[in-house]
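Quick one: the structure is below, and I'll ask about it shortly.
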């Protein structure tokens, strides 16, 4: 697995302006971790992100009843979230 | 005086929707006519099978299912928001009515309160 | 899978409990970081996040007390928890010395949290290999 | 211009001071309403708005103290100010009876604010001809 | 002047999802009062609203340096804001 | 370690931007390299002639003008956001640099902190 350049942690619903800005700022080699309300992007008809690894925090996915529609996103638990932040060169919380 | 409580924020990430629900239940407890409108990302309150133990919050699914019993007259879901979040009536708690036009709905109520 | 390099984290929480999910996500993260062998340099509360250090928060008994859970975690792991003084005073959170200065009847700062300036955050960013922010969602 | 019918207002504030502009806009509105001869049935603090009733808020001396300004306005005009008990307890705002119940060292509720249930809001909506909400902006 | 059916008080920036929803809910005979961050709509390239009276709270306009670009909106002070809420049949705070 | 503080919320309606400015000034006071990026509705922080007495808040215009003196290395404004809010360099406090690509800018800094 190639290293993550920047890990973008997004915790806002797809309609939130910062969520829109985050999606526009992703670069090849980056990874996106959806947490809290941002996991709703898995249900919303959002555009797919070419070349970006997408993760979603499983406890937040379960809380919002979205276990069935994770699509391309890899589900991670809190320890795996920590691993992602340790592996990435940079971390940005949106 | 009829009241419409509008919830447009998703569950668990903020407390606003939860506290708006309390407002609706409180009106109903005082026998005041009240309905709920879920719109925008707020429609996600209505999705079935919310499993909240790992985020250490109480699920609101049970409360919502009990809303008609508590005297909440109607639970509306904005139809366009449901399409956006791929929610059909089958995916949602019982007793939800689709609203094709939320602006018409807003016009029918004397008193409107948004969540937070 | 390659071994993960151990990091020294500073966590910054800007979302309030019972208003945002930030304190819960941050605590789950913090527990997992410690369990994986990482260290936490400090936890800094900023903006609305300072409400996490309230000793007066009294949620219903069937809800998690985020201030209490955080206080236990910080004590058990001997991690400094710092609330920004400027954010705290505006929002009605005072330690004993501020209590005296403003002639208030009590302090409402929950131990082991302390109140200090933004310099603590600057030091955290300098001392840590990772700074992770937990903002209010929306 | 037609004469304006006098109204009886209930104001509901859900945005916190030093986090949102809601307490300032609401106070400017309330002062103008009274000046125009309208009445204020009550002011209800809900959600993060309960922080407006903090007796411990200590902003810098060159900034307006919104809790203090609101307290003076309510006293001067004999208007009830009510903070929702469920919102208040979660957020660390307690009156004397809650202080005793939770064995806390002091109350941090600013007079003349009182703590009561959502029934106060329901009564306000029933007693008033206008209910105006002041939410956090964004 | 015809009476206002519903006065919509909006206090959020144009990007905010609730701001977008508010703009979509306006009906002929309604009025829109921009307060706090919502006055930024005067500067942003927003679509004009046919048949809707638009007001903006002058103290908020001044604070944001927008005195020069009020366009079609009528500036009101706090007493006039009170008048609007007294005149309108319904008031919705977004 | 260089830090970019990002302000994407407008002034006065919330406190987040104000507290983010304090973070920038604090880093500068400790001689740490720091720059500010104003983007989205946050570009409105930079508009000249903010007259805040009636909303009873301190104007931040003076603080921003003094940012270079306090040691803030740069103040960037997102160019697309400025177009949206009809802001040109002439309308803004002195010392602002237009940023054509905020994602490139984010990539140049080791440490990024958003306002609230």
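Per-chain numbering from 1; labels A, B, C, D, E and F assigned in written order.
Everything that follows uses one rule, which is that a residue touches a chain if its C-beta (ideal position, glycine included) is under 8 Å from a C-beta of that chain, and two chains touch if they have at least 3 such contacts.
Worth saying up front: this structure is predicted, and the values here are computed from it rather than measured.
Asker: On the document's contact criterion, could you list the chains that touch chain A and likewise touch chain F?
Answerer: C, E
Asker: By mean C-alpha coordinates, which chain is most distant from chain F?
Answerer: B
Asker: Would you mind working out whether chain C and chain D touch using mostly the same residue numbers, over half shared, or mostly different ones?
Answerer: same
Asker: By mean C-alpha coordinates, which chain is most distant from chain C?
Answerer: Relative to chain C, the chain with the farthest C-alpha centre is E.
Asker: Pick the pair with more C-beta contacts: B-E or B-D?
Answerer: B-D
Asker: Could you work out how far the Cα centre of chain D sits from that of chain E, in whole Å?
Answerer: Roughly 24 Å, centre to centre.
Asker: How far is the middle of chain B from the middle of chain C, if each middle is the mean of its Cα atoms, in Å?
Answerer: 32
Asker: Using mean CA coordinates as chain centres, what's the gap between chain B and chain F in Å?
Answerer: 38
Asker: Among the residues of chain D, pick out those that touch two or more other chains and give their numbers.
Answerer: 18-19, 21, 28, 47-48, 63, 86, 131, 133, 135-138
Asker: Please list all residues of chain B that touch 2 or more other chains.
Answerer: 9, 12-15, 40-41, 54-55, 57, 111, 114
Asker: Indicate the residues of chain A shared as contacts by at least two other chains.
Answerer: Within chain A, residues 11-13, 15-18, 36-37, 59, 93-94 contact more than one other chain.
Asker: By the touch definition up top, name every chain pair that qualifies.
Answerer: A-B, A-C, A-E, A-F, B-C, B-D, B-E, C-D, C-F, D-E, D-F, E-F
Asker: Within the complex, which stretch of chain A touches chain C?
Answerer: Chain A reaches chain C through residues 1, 9, 11-13, 16, 18, 35-38, 57, 59, 77-79, 81-83, 85-87, 91, 93-94.
Asker: Residues of chain E touching chain A in their complex?
Answerer: Chain E residues touching chain A: 13, 15-17, 20.
Asker: Please name which positions on chain D make contact with chain C in the complex.
Answerer: 16-19, 47-48, 51, 54-60, 63, 67, 86, 89-94, 98, 102, 104-108, 138
Asker: What residues of chain F sit close enough to touch chain A in their complex?
Answerer: Residue positions touching the partner: 8, 39-41, 102-103, 106-107, 110-112, 114.
Asker: Would you mind writing out the residues of chain F in touch with chain C in their complex?
Answerer: So the residues of chain F in touch with chain C come to 1, 3, 15-16, 19, 22-23, 26-27, 30, 32, 111, 113-114, 116.
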